[in-house]
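You will see chain A twice below: alongside chain B first, and alongside chain C after that.
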Partner chain A sequence: MATVMAGNGAAAWGFRLSRVQCYPYYPITPSTSCSQQISRWVYDGAMGAVTINAESEHSAASQIIAAGKNVRAGTATSSKGLLYMIEVLENAAGGAIPCGLFIGNRATGAPINIWADHSDAYAMRDSGLIQIFAADGQESLDSIIQGYRIAEDLRVRMPFAVNLRGFTGTHAYEGVEIPSQEEVDRYLPPFVPLYSLFAPEKPVTYGAMLSAYPYRRHKRNQMAAIGNAAEIALKAGKDFAEKFGRSYGHFEWIGDRKAELVVALLGESAAAGEVATRHLQGKEGIPGVALLKIRLFSPFPAREIAQALNRAGTKAVIVFDEGLQHGGVLPPLAQRITAAVHLHLGGKGPKIASVIGGLGGSEVRQEHFQLMFNLAANIAEGKPYRPEPYWLDIDEDPIFVEQENQVSPKLWKKWGEIWKKQPRQEKYCAPIPPDTEEIRIYSRAGQGAITSAVGFTGAGIENGYRLVTVPAFGSERRGAIITTDTLINFHKERRIRSFMRAWDVVILYDDTILYSPEHRVLDGLKEGGALLVNTSHMSVKKIRGLLDAGEGRVRIFTAPAAAVSEGLGLKHINMPMLGALHKVYDKVPFDKALGYYERNVPRPREASLEAIRRGHAETTDQEIQRTRKERRLLVSQDFLDWRPEDHSQESWPSALEEVQIG
Partner chain B sequence: MKEEQRTLVSPNRHKEFVVTGELVEIRDRAHAGETEKKGQPEDKTGKRLSPPEILTIEEVARQPVDGIDTAKALSAMADIGPEARLFVYRPEGQAVRYEVFEDPRVCPEVHRGAVIENLKEKPRDVSGWRTHDFFIDLKGCLGDECGRCAIVCPENAIHLRGKGKGSFHEIDPLACKGCFICWVECVRTAADCILVDGKTFDPGMRAKHFGE
Partner chain C sequence: MYNILFNRHIGLNPHSLLLPEPVRDVGDYGAIATTGLTSGHQGCVGCGMVSGTNQVLRALKLSGKHVVASIGTGCNEVITTQNTSCWGEVSVDHNNFPNTAATLSGNIAALKALAQAGGVSPESIVNVGIAGDGGTYDIGLQALLAWIARGENGVYVCLNNQAYMNTGVQGSGATPYGTDTTTTPFGKAIRGNQRTPQYLLDLALAAGAPYVAAACPLWHRDLMIKAQKAAAIEGPCVLEVYSVCPEGWKSDTDVFHEITELALETRSWILYEAERERDTNTVLFTLNYLAKKYLPISDYLRLQERFAGMRDFPEMVRRAQEIIEARWSFWRPVMEANGIEWKEEARAI
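So, the complex of A and B:
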């Protein structure tokens, strides 16, 4: 039975089920809620561990190393926090101390940016850690459990890091299967320290200074040890599949077995790539396509990847990197794949081009993968291509250029010959028809939109659908307009967690959003889709007039959520809006969902449940006469007469008076 | 008010970890709940949970390991070659877990993870490093009443000989690197106690070291 939780929550379960005994941490966006959840469990006594509130990431890393000598230790971090840890983490790798890190991948400054890319993981690349890239919450939970098994193996004894893309991975709420503690205990043996803690009769020194002769020999051994991790990861993945039914390897090959065109990438963005690959598979005039989703980044399974490409008869590989190697020839993943192909296949290998995208929280969408497959097809046909990275979504420097005047003359002088020979092919770039149903909520931060969307997701998952909710983060300011998106996937066997951005339902938690010049709420709404507005005084007709949309374009519903919540003494309007959503969108049946809500609504439970029911009942697409209750601020004469020179305690005007009219 | 105590879940069968507020106390499982016994400290060396052993093929061949199929382990190790190691975990004398593996860290000088087992380190002759010879005159030394030089010596080159009134300190001439620390730190300011090149007092040297 899947439980709805965010990627960070799943990672916390990974640490809990691995029976982590020491968890020092220093919180940083976007991995904070993982540490928060663990420290809550430790406080409640649900998890037998010691958490330490470290004074910095540097200390947290030092503490996991100190603890990792004798107990199972772990921590979570991101971005600059990880960069601050690197100085210490090299000691864990060199000192053969197995410990675990969960990393919510985030950009590194400057400019400061809290959103996702792989810059931090790439910065850690040469610190000697085993690096695993997970694509969703479930994979990060499973990878942490497997990570301890790999890291503690006697042939390895190395720290490991599980990476998950920030926000789209760490804050995406979806169904996660939590294995039972007994099952995990059978899979993961207890930690065995190699030296006793405090043994006066056999004292040892960790991190001693070594001169060149023993140092170089030790470093060679360290490389051999991390090299062993590849083979052990494969075995750990196979055992995991036997026990839990979810299989993991070095990489996942999604698409055709014989694939001429391949896009290789790491981690979560594969969700969008998967949709594009499945769409292009078997289309007329398109050769075999596949997505190479690499899971084990360090140690890099070079031989296996080269062999897989060789076996599939691949002609062109596009390597998609969400990070840079400043001053390097190619970004890190592209460089590793190029080296692998060159060393293991020599001249027979496929041609490799590099694309950089998804930086600093940039969306990685299906159409980007369509462009990449198009580029791969051109390269496979023998067209010239750039010997340096292409960029995604840069208007001044696109992948395909139709006319010369589209780019600057300087750029045209440099790449014009290549652009002229690289056609944009319609069969690759035609829009993908939507296969899922999607709901978007516009709300103001603090209104509880995420809580209600997560509730809806839980109810949907319990009823056997696959739902994902991804909230937008960033405008961390109460009252700012934010979006929360939910995807409903009716294919039981197929995993889809990438949004088409074609909304079936758009919900406004506040009617003033209709006036926002920045938010055109009908953008992206499907023809004939539904718009649900929380309003106490606007009529359907008025909303239709404001949006200038006909009956065929949009069905409009209104819900008096504020009045319902006020009547029940609730602070938030999210519960009535949850009920209203079920009225507008009935694919997740309300009566079945109520069973889930009865067990899971936030406190006060009775009032919240009643609010959901009333919200459902009172939502309508009809014109109804509401008693007009208008509030206006009246300014008293005292206030207008007041001058700064009169300012004193006694003469302070009682300025604002609230008067009801009507 | 006494703070609430709770015990951590731990696979360790000998020790338990008791958390009181922010403090973690480690105590024997057998003594759980009892207050600590006063009096003679117990010799716990034998009782401590012993770490696992990692044995080479020669060591296993020389001394069969109790509780495991040594012949099978040996043949598995022979297949791997000289890098084969046998991991045996005997927390209470009985093998609860064992495993044959190929050690990626084969270098004999450097232990796994650059860990140095301190008692296995052999003392080195550093007498060539020093430019002056140091000697403690037992007439001036306060013996076990003081012991400051033995504490401050960075090389553990100074040892106490004897007991009580007749005790005195002695410098190991092979281990002394001539750093002057004992001479500076001596509670008797090295007057008729530590001889440098046979001299008890040298105004030039004092000026150099104390800035007098």
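So, the complex of A and C:
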């Protein structure tokens, strides 16, 4: 039975089930809620770890490295926090300390950017840690448990890091299977300190200074130890599959067994890649396609990857990197794959091109993978391609150019000959028909939209559907307009967690969002989709008029959520809106969902449940006459036109008028 | 802020308000069969830090507990762990330069976790962090103050030789006014170190330490009493040890004794301790030593060539004297209570 939780929560379960004994932490977006969850458990007595409220990531890392000599230790971090840790992390690897890190991957700036990419993970790649990339919460949970088993193996004894893309991974709520503690205990034996500091009969010195001769031997041994991790990881993955039914290897090959065209990448963006790959598979005129989703980044399984490409008869590989290697020849993943192919396949290997995208929270969508497969096809056909990386979503430097005047003369001079010979092929790039149903909520931060969307997701998952909810995060501001998206996947056998951004339902938690010039709420709404608005004074007709949308374009519903909540003494309007959603969207049956809500709604439970029911009952697409007195500020046009340099206004309007609204 | 009380009694003090019994005064027991660092370390001739470390370790071992030392990078680590370990029966965890207190904190957490699991009895272990003044006053201050603020149970020892000696005598946050170091050279335009040192033990008290003490290896009974107290008192205790450095202070290797005595007689190093009674938020200060003579600072500057430049500048010597007097005026109530004449003027010039 899957439980709904975000990626960070799943990682916290990974630490908890691994029976982590020491967990220092320092908060940083987007990995913080992992540490919050663990603190909650420890402070409630549900988890027996010793937590330390560290004053910096540097200290948190120092603490796991110290504690990791005697007990199982771990922490979570992101971005600059990880960079701040790097100074000490080499001590973990050099000292053979098998501690664990969970990293919510985030850009590293400057410019400061709190959103996702792999810059932080790339920055630590020479720190000597085993690096695993997870693609969702479930993989994070499973990989942390496996991570400790790999790291603590006597042939390895190295620290490890499990990476998950920030927000689209760490903040995506979905169903996660939580293994039982007994099962995990059978899989992961208790931590055994090899040389304990607390054994008086056998004193030990860690971190001794070595001169050149022992130093170089030590470093060689260290390289051998992390090299061993590749084989141990395979064994750990196999055993995990036997016990828990979810298999893990060095990488996942998604798509055709014989694949001329391959896109290789790390981590969560594979979700979008998978949709594009499945879409292109078996299409007329398209050779075999596959997505090479690499899980083990360090130690890099070079031989295995080269062999897999060789077996599949791959002609072109596009390596997608969500980070850079400044001043390098290729970004880190592309560089590793290129080295692997050259070393193990020599001249017989596939051609390799590099694409950089997804930086600083840039979306990685299905159509990007269509472009990459298109590029791979061109390269496989022998077309020339760039010896340096391509970029996604850079207007003046696209992958394909139809006309010369689309780009600057300078760029055309450099790449024109290649662009001319690189056609954009419709069979690769035609839009993918949506295969899922999706709901978007526009709300103001603080209105509880995430809580209600997560509730809906939980109810859906309990009823056997696959749902994912991804809230969008900005810089923290109460009252700002934010979006919360939910995807409903009806394929029981297929994993889809990548949004097509074609909404079946759009929900407005606040009717003033209708006036926001920044938010065109009908954009992306499917023809005949539904718009649900929380309003107590706007009629369906008025909304339709505001949006200038006909009846065939959109079905419009209104819910008097504020009035319902006010009547029940609730602070938030999210519970009635949850009920209203079920009225508008009945694929997740309301009566079945109610059973879930009865157990899971926020306190006060009775009032929340009643709010859900009333929200459901009072939502309508009919014109209803509501008369309600509203107080409005009397303002003149002069006031609205006023600018700071204008001194003509003598006084501020302050009178209130009472108006009847119908 | 806290209330300040003064102990009227000046001298060795094996008693503590925070302890049910006094600790052992090693002077009463004659030779003690514990060892500090084992032979083979690479410390300089005349190094005060090695003596300090030895005395701290021997004092801690008196309790019969296993000593786990989290040590910071610096002379102390380099001379004792190169290719082999000179720590004898002490378990040592060297991590990095800035994180001695964080490493100490991690080891304390590990001990707590092991105790929870029933593997080790926490009473059988004493966790001690050892770092130099650079690793304490400067790069490690954040980790140290946070460790104190979290109230973890351990001892932190700062071996203060008043500059970055391991990297070649650069000025640190503990370098005295006017000192010639490689980064605060005694130049024509700027004459040596222009700042005054910050006071570590004041910072530690402000962060909430229950016990802080300043000691020197020359007064080994006092130092070893203080180390034992720090280990016995529950909470984060800080001990600062005056460490003569012939290399960095440009002094002869055989004047360890003389330099330390002069430091005490000129009052530029004060042997004192302070313990904090949490419930009443009161700090009791004890002065552990008062030299018979009160000598002008110029006498202290004599044996150390790091002060050679400022000796010729009377206004700099005067300034150094003022700094000492300003700091020493704190002890006026104790002096008055003991009927000792309060000398404002001990200026040489």
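The definition used in the following text is that the second predicted complex is superposed on the first by the 628 of 662 C-alpha atoms of A that agree within 3 Å, B and C clash if a C-alpha of one lies under 4 Å from a C-alpha of the other, contacts with A are read in each partner's own complex, and residues count from 1 in each chain.
What we mean here is this: contacts are C-beta pairs under 8 Å (C-beta built on N, C-alpha and C of every residue); 3 or more make two chains touch, one makes a residue touch a chain.
A quick note: this is a predicted structure, and the numbers were derived from the prediction, not measured.
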Assess the superposed three-chain arrangement around chain A: do chain B and chain C clash, or do they fit?
clash
Please work out whether A:A49 is in contact with chain B alone, chain C alone, both, or neither, and reply first, second, both or neither.
both
Is A:P24 touching the first partner chain B, the second partner chain C, both, or neither of them?
second
On the A-aligned overlay, A:R157 touches which partner chain: chain B = first, chain C = second, or both, or neither?
first
Taking the superposition on A as described, I'd like to know which of chain B and chain C A:E417 touches: first, second, both or neither.
neither
In the overlaid three-chain picture, which partner chain does A:G94 touch, first (chain B) or second (chain C), both, or neither?
first
Which partner does A:A66 contact after superposing on A: first (chain B), second (chain C), both, neither?
second
Now for A:A224: first (chain B), second (chain C), both, or neither, which partner does it touch?
first
Just to be sure I read the superposition right, which of the two partners does A:E606 touch: chain B = first, chain C = second, or both, or neither?
neither
With both complexes superposed on chain A, which partner does A:E404 reach: first (chain B), second (chain C), both or neither?
neither
After superposing on chain A, which of these stretches of chain C ends up overlapping chain B: 8-16, 98-106 or 116-124?
116-124
I'd like to check the shared interface: which positions of chain A are touched by both chain B and chain C across the two complexes?
21, 48-50, 196, 199, 203-208, 210, 214
Under the touch definition given earlier, write down the residues of chain A that touch chain C in their complex.
21-22, 24, 48-50, 52-56, 58-60, 62-71, 73, 87-88, 91, 196-200, 203-211, 214
Hey, which residues of chain C end up touching chain A in the complex?
66, 68, 70-71, 77-78, 81-85, 87-96, 98-99, 101-107, 109-114, 116-117, 120, 124-125, 142-143, 145-146, 149-150
Under the touch definition given earlier, write down the residues of chain B that touch chain A in their complex.
6, 8-11, 17, 19, 24, 45, 48-52, 54, 85, 87, 89, 97, 99, 101-107, 109-110, 112-119
Which stretch or stretches of chain A touch chain B in the complex?
19, 21, 45, 48-50, 94-97, 153-157, 189-196, 199, 201-208, 210, 213-214, 217-218, 220-222, 224-225, 227-228
